[in-house]
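Letters are used for the chains, namely A, B, C, D and E, taken in the order the chains are written, and counting of residues starts over at 1 for each.
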Amino acid sequence: MPAMNAVPLSWYLILSAILFSLGVAGFLFRRNIITVFMSIELMLNAVNLSFVAFSHQLRQVDGQIFTFFVMVVAAAEAAVGLAIILTVFKNRQTLTIDEVSSLKN
Amino acid sequence: MELPVFLLFAFISIACGVSLVVQRHPIASALSLIGVMGSIAVLYLLLGAEFIAAVQLIVYAGAIMVLFIFVIMLLNAGAESPMGKSWPSRLFGIPLLTVFLALLAYLIQTYAPSLPNVRFGAMTTGAGELGRSLFTKYLLPFEVTSVLVLIAILGAVVLARKEID
Amino acid sequence: MPTPADQALWLIPLFPLLGALLNGTLGRRFGKPLISAIAIGACGLSFLWVIKTLMALGDLSAPHIERNFTWIASGTLNIGFDLAVDRLSSVMLLVVTGVGTLIHIYAVGYMDHEEGFWRFFSYLNLFMFFMLILVLAQNFLLLFVGWEGVGLCSYLLIGFYFLEKFAGDAAKKAFIVNRIGDFGFSLAILLMVVNFGSLDMTKVFAEAGKLPAEPNGGLLTAIALLLLVGACGKSAQVPLYVWLPDAMAGPTPVSALIHAATMVTAGVYLVARSSTIFNLAPLAMETVAVIGLITAVLAALIGVAQNDIKKVFAYSTVSQLGYMFLGLGVGAYSAGIFHVVTHAFFKALLFLGAGSVIHGLHGEQDLRNMGGLRSKMPITFWCLLLAAMAIGGIPPLSGFWSKDAILVAAHHHAPWMYWVGVATAGLTAFYVFRAIFMCFLGEYRGKAHPHESPAIMYLPLVVLALLSVSGGYLPVMEWLNPGAAEEHHDMFLIVTSVVAGFAGLFAAYYFYVANPAAAASAGAAFGAFGRAVSNKFYVDEAYDAAVVHPLEQGSRAVLNGGVEPVLINGISNGATALTRSFGSLFRQLQGGNIRSYAVYILLGAVLFIGLMASGGATR
Amino acid sequence: MFLLFSILIPLAGFLACVTLFRRNASTAFQVALGTSGLSLLTTLALVPEVTQNPTRLASALDWNWISYPPIHFHLGVDGLSLWLIVATALLTLIAIGSASTYIGALPEERNPGVFLGWLLFLQAAITGVFAAQDLFLFYVFFELTLVPCLFLMGQWGTDQGGSTRTGAAVQFFLYTFAASILMLGGIIYVFLKSGTFDYRNILSQLAAGSLRFTPAEQAPLFLAFFLAFAVKTPLFPFHSWQANAYATSPTALTIVMAGMMGKLGTYGLLRFVLPLFPTAARAHVDMVSSLAILAILYGGLMAIVQPNLKRLLAYSSLSHLGFVVLGIFSFHQNGLDGASYQMVCHAITTGALFLMAGYLESRRQSSEIADFGGIATQAPWLSSAFLFVALASSGLPMLSNFVGEYLILQGAAYTGMPYAVAAAVGVILSAVYLLWAYQRTFLGKPSQGAAGEQRYLDLEPREVLLAAPLLALTLWLGIQSPPFLGPQSAVNAKILEQTKMNVEFRVNNDTPNETAVANAD
Amino acid sequence: MPTNALPAPEEMLRFLPEMLLVLFAIGLMVWEAFHDDPSERPGMPAVAIIAIGLAALATIFVGANPGLAFRRMLVVDGFTTFFRLLTLSVGALTVLTANPFLRKRHAESGEFYSLLLLSLVGQSLMAASNELMMVFLGIEISSISSYILAGYLRDNKFANEAALKYFLLGSFATGFLLYGIAWTYGLTGVTNLSDIAAVLGNPDIAPNAMMMGAAAAMILAGLCFKISAAPFQVWAPDVYQGSPSPVSAFLSAAPKAAAFATILRLFFTAFDPLADRWLPLLGAVALLTMIIGNCAALWQTDVKRILGYSSIANAGYVLVAVAAHSTLGISAVLFYLAVYSIMNFGAFAVVSLRDETDVKDFDGLARRNPGLAALMTVFLASLIGLPLTAGFFGKFYIFKSAIDAELYWLAGLGLLASAIAAYYYLRIIMAMYTKPAAEGSEPLPTPALSVQAVLWIGAAAVLGIGMFPSALLDWATKSSALLR
């Protein structure tokens, strides 16, 4: 048990790994397209956490800058992704991901 | 004082993450995602990344999630169908995930000894530093992100326009 | 001794070849006289050229060789188109060309109102060509050329009436059985080259002569036996004799020329030719003798029960060939060849006579529908009678001398062979005279109106009859081995064989002239054996069951039905099926469901991480 | 230069036929006939130079084609390839001639011109294979031969003999393509080892000992090459494509395919496999010879029971090419000579046989033997011609195939008598199936057609004109072998020499008695 | 750190091509905004072509003096130039093919072209980036615009599905990629490729190898998704089938090529010290990819889908050359990518002329439109790898490099797999030439000039390279020297 005022950096990394896995889990097990998309966001967040943790360890800003750019990308993805989801919904009237599987084999 | 804080928010984030995965209703998932983001923002503060923490709240929890919820509302997405149709995910999902997580955790552990402890204030970066390196070292990426945003706009226009003329 | 000047031996086979080509290509536009003129002329010319050559060469104490162009040259092997004449071949030459010419003449009359006159004579000439090549060949491969060639011609001529299925079948049978014989011959050739490095007879025999005798088998024995296989095929010896009786499907002159006088004696010629090798391989010699004997007896037995006049003579041919082999086998080559000569005379005569009868009866061949023709066709009758006496071994006709020479030699070799031979002689006399009597004596049992044949047909008969009578006095044996002193004949042996001959004659007279009823009862008395005899001992059936049927059905059922679809196509289809099954597997995984795809991606990621973290994947 | 022309002229004809005269049957026919005739002349023009010195590369030209890896457009002809090239030109000419009525009857939209064009292309490709002196170039031509066959079979073939034309085409293409693609790997390996694709250069390196393939290397390389050629030949058990292909192909194609295509395989074995990988080749003698024997017997037996004339001929082809392979792997002068001679003779006789089959088919719109019979009376010339060729192909002395088959057997006898014995049985079989087929097709009473008794026209002058050269050659090659065999023999002697370089275990040399000993190992 | 941030002008120039593309993209949108009547703006494809042309000129111009730019964020060398030109030319072909395709469906709009240009920006950034950051951004730019293009025909449910699949799975894979980047950054403390190589190469400061391997693995996974290598290939057939044909053509060529460029850049410079860890893995992946692509294609009945699987298989071939891990291999990769882009694009271009894309719909094409059938045959023959076509030499160089690297099994099995491939290409050829045309099928209208141009140029290139590959190979070899 470390000192009260000191958290091992590895704990942050572990936490980020857990969150990432949760994101993956969400992608695998959720059946609502939007939720699936949100789990991707969760994955990105998890990655950001490790970026920041590393940048703290390395005493650099670069990690945080990465985080910054990832957020921008996430925003862009969100806009486009939601637009795509909208069109899908328009054509199929469903948000269940398993229904969107007419292209196969 | 950090340890309890860390543990607390780590717990919250994991809990919210789990609820995102288990909740059947998209809104609930969205809210729990917001929870995750908030707690992560706090951890950012612990790590001394004030600006990022702020952006995390403003951009992520604010803008992006609002967009999500807006869409959910727009499509009034209800609770999802109980039964999934993907046998691979049902069969291999859990085992694979456990293996994946175990693998990562193990690797991090092998690496842990060489890692320092995190002390609050050991390193704090304000907007200034960040901005400076953004406009010097990371000038090009910064400019390029504008292209990204442009594409996002275009995409929204192309896909969401009333109908193609 | 200085080698005599070039005798242009190649002219001898050339004449018939030209005749064949002329008739074969343009014959259709020629009239019958022209065709016959060409055909007979070709044979006559080569006959004359043979005589001229022999005159010029004098006594052939050493073979006279003439080398023409190279045929095949590969590595150390060099095979030329070389012709040669020695005493042996000179005899054969005379027989082939002489008898051949006579039969050509006869055929003009016989085939007068047949379809494809021109075709017939071009085939006949072609046969002469190949036969002469066979006789003149100086190396074994060239001999093989003639060997196969005569086989081809016999195929063509047996199948002359190709509208009839049986003709086609008989022809095919003849060719294929011959091919089986040639199989042995060709293997012998291969062995010769491998071991003697050449096919030139002089070289081969020189090399072979260097080797020691092989009392109990060896290389030379192998070669000799393989040659024997070939000889058996061509000369219709057991077990390959089955084609010859069927070969009677061809026109009668063909039976006379090819299947009696000349081609079938090629086997005898081959063995005599290779005497150097055989002499060193006693086992092979013994085999030759035994095969000859078996053939002689078997064929004679079957001959007794035949009712088709040509079949009777066919089996007699087989049996006589057996005699010749016996002679060769016991080492009396000259006797064997002597019998070839006399046999050529009287057997040709028999067939031509039979032909004349058939011609006179408008195609009737069954003895039971003949009888009493003596008055209708006297010339034929007398000729045939002489021939019968000759073959029956009645002194002093030709057959007596040659057969006697063989039997005596056989007795020197092994007495039991002599006794079997004598018995066979009796049988021979019996069935030949049976045929003659059934044909000419008694009263006519047929419907058609018999008439004597035209002069062009019976003149050759007469000539041959004279030869059959006097042929015995030809100095063939002395000519062939002058060294051998005229060993005085053991009177007792001679008498016995003569007695056997007469016994056969009288038996035939008793059964078929004096009181025919006895014949039937006697036949019945034999019972099962009699039936077996009249069914030719079921040999054909046995072959069908043992070889032909299994071969065809086997390859149809097993190969075409089993191996091809399963194994052969399996090789290609199997590969296809495998890949396709892979394909379908991957296809199934491609379920279209996004979350499933995500699982694969996760799987991939896990694998990648695991492998690369653990360092070095497949290595 | 003549050599180059003999490839370029047909190509020119090809281009003309597929572009300008696609739909104009008559013009296309004249053009095709003209070009292939011209190319035949050019190939004949090669003869004197080659026969003068058979082992030297005649009419050679060596252009840089690709800078890296150094691939040369290197052509040349020697005693071994000469007659094959000539035969290719001749057969193509005859095939085109035989197609005149067929394409005349084709509707315009079936592109009669293209049909002829592809035939010319095929000729060019095959000639290229025989002429290529650069391994890479060889492979290129080798694969190019597939293309015309694919289109000819697929577009102008007929579904019969229980196989569909597209199926047969695709099967043929894939089978040979897949088999030969490993050879490309082998070629690349040889290049990486020797630094050149130039075949003569490689051979000289081997001779000098500067380049050596260890047995461990040779085994897989040998198999890669062997498989490619075995499928192309085809050799038992890789022949499943053959019967289908020959049965469905249009006659003109079958003539060239049956005549020359198989020779590509055997030529490859003789020209490349033996000199390049002698150790492995000798190590596999028993395997290959057994396969060859199986091909001979199996092909013969299958031919006996085929109800379809073209299929029957296909299997007889299988049997005869088994002889060739046997001869090649006898590693004896006689065997090699026989094989190379048999390649030419078989090309001509098989071409002639399929030509006859085509004549029959054109008269009866079928090649099922059961539909025929009794032709001999109505069409004596046709039947005698067929019989002539059939006898030649069944190895009758004085006709072409006998020489080859005899020498092959002789060579096999040196290697191992059992092989010779088994192969000699095949000779019997060939007589059986050919004569039986002849009897069922031509003899007997005429079969009953739709309108009473079937009538058959005898050969027309045009048909005689086409068949005559082949028949004449059959006879000529049978009687006068030296002028043809000589050049081949010289080259074979060299090949035999090359197979004895740095071979690990003892080699049997040509003097008989020693051979008898050497056969022991 | 220096306060004046402005980079030197020549560094600016090295970014010129991308700048041009962006400017024209914006210009197009603006221009369209002012002409909302489609009939008044026929010139958009022309503008796009001009933009690409200028960008290409700029590329060649700046390629003349190679070097780094923007604090070593960008690297401009022969390699970059090659891929910039490659992707640009693919873009040009796409414009030419898409124009009539969209008009026929009344779906032409400025956004399409702008998006195309912008995605080209992303790809040429991927080729040029020397920084994990830039790699990431380049990939995202290229991908996000590709998602949109895939779903461009938004009223077509298959297009939507394609877009959604592409988008979700793409982002999912990007997550792993990003995670890998994060770890790489954390372990090495640097993000510049050259620096990473330096760190990893130096045993004193080299980080925990296992974790580093894992990081590289995740990056590789993300990139393998982009090149549709097994087991990340699943999306490709669905997306290529669902997307509009010109877009499928584009997707199967440009982003893939760029992704390969990135793989080479990353793994031959930054992660080269880890080679013994990723090489065998890459070999296995190559094999699996070839087998899956070719075997699964045997069953397909839709031509676009067949081409989708074939693009997977082709990725496998290229990976073989990558696994050879040699300069020879790199040049083979470049050569093949160029060749593949042409022949594959040609095939898709032909498909884009048909509304129905089932194999049956190609029955008797040779009768109805011989020229088109002949062109298609040329492209397919090249895909089969018949001699005298470009594809043959592509495969030849690839497997040559593999054998040179003693990857005998990989080479042998790869060759066999490529032989299997012949089957499904042949099916299309046979359908065109041997099958009778379906009932009531009238001869096709002659394709628009632009498409004809694409087809003829493509065919000419395929045959030209097929007969004289030296020039292209020399260029590829020159370009294959990576600036370390």
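Please note the rule applied: contacts are C-beta pairs under 8 Å (C-beta built on N, C-alpha and C of every residue); 3 or more make two chains touch, one makes a residue touch a chain.
Note that this is a predicted model, so its numbers are computed, not measured.
A.B. asks: If you check the contacts of chain A and chain D, which chains show up for both?
C.D. replies: Per touch definition, common to chain A and chain D: C, E.
A.B. asks: Counting hops between chains that touch, how far apart are chain B and chain D?
C.D. replies: 2
A.B. asks: Compare the CA centroid of chain C with every other chain's and tell me the farthest one.
C.D. replies: Farthest from chain C by mean C-alpha position: B.
A.B. asks: Averaging the CA atoms per chain, pick out the one whose centre lands closest to the mean of every protein CA shown.
C.D. replies: Here the chain at the core of the arrangement is D.
A.B. asks: Distance from the CA centroid of chain C to that of chain D, rounded to the nearest Å?
C.D. replies: 36
A.B. asks: Need the CA-centroid distance for the pair chain B / chain C, whole Å please.
C.D. replies: 101
A.B. asks: On a C-alpha centroid basis, what's the spacing between chain A and chain B, in Å?
C.D. replies: Averaging C-alpha atoms per chain gives centres 5 Å apart.
A.B. asks: So the centre of each chain is just the mean of its C-alpha atoms; given that, what is the distance between chain D and chain E in Å?
C.D. replies: The mean C-alpha positions of chain D and chain E differ by 44 Å.
A.B. asks: Which residues does chain B have that touch at least 2 chains other than itself?
C.D. replies: 84-86, 89, 93, 97, 100, 103-104, 107-108, 111, 137-138, 141, 145, 148, 151-152, 155, 158-159, in rising order.
A.B. asks: What positions in chain E touch 2 or more of the other chains?
C.D. replies: If we look for residues of chain E contacting two or more partner chains, we find 133, 137, 140, 144, 147-148, 151, 154-155, 164-165, 168, 172, 210-211, 214, 237-238, 299, 420.
A.B. asks: Could you list the positions in chain A whose residues touch two or more of the other chains?
C.D. replies: 13, 20, 23-24, 27-29, 31, 36-37, 53, 57, 62, 65, 69, 73, 76-77, 80, 83-85, 87, 98, 100-105
A.B. asks: Following the definition at the start, I'd like every touching pair of chains, please.
C.D. replies: A-B, A-C, A-E, B-C, B-E, C-D, C-E, D-E
A.B. asks: Spell out the residues on chain A that touch chain B in their complex, using ranges where they run on.
C.D. replies: Counting only chain A, the residues touching chain B are 2-15, 17-26, 28-32, 34-35, 37-39, 41-42, 45, 48-49, 52-53, 55-57, 59, 61-62, 64-65, 67-69, 71-80, 82-87, 89, 95-96, 98, 101.
A.B. asks: With touch defined as at the start, can you tell me which chain B residues reach chain E in the complex?
C.D. replies: 103-104, 107-108, 110-111, 114, 132, 135-141, 144-145, 147-148, 150-152, 154-155, 157-159, 163-165
A.B. asks: Note which residues of chain C are touching chain E in the complex, please.
C.D. replies: That would be residues 579-580, 582-584, 586-587, 589-590, 592, 594, 596-598, 600-601, 603-605, 607-609, 611-619 of chain C.
A.B. asks: Show me the residue ranges of chain C that touch chain B in the complex, using the header's touch definition.
C.D. replies: 589, 591, 593, 595-596, 598-600, 602-603, 605-606, 609-610, 613
A.B. asks: Under the stated contact criterion, what part of chain E meets chain D in this complex?
C.D. replies: 367, 370, 381, 386-388, 396, 399-400, 403-404, 408, 411-412, 415-416, 418-420, 422-423, 426-427, 429-430, 433-435, 468-470, 473-474, 477
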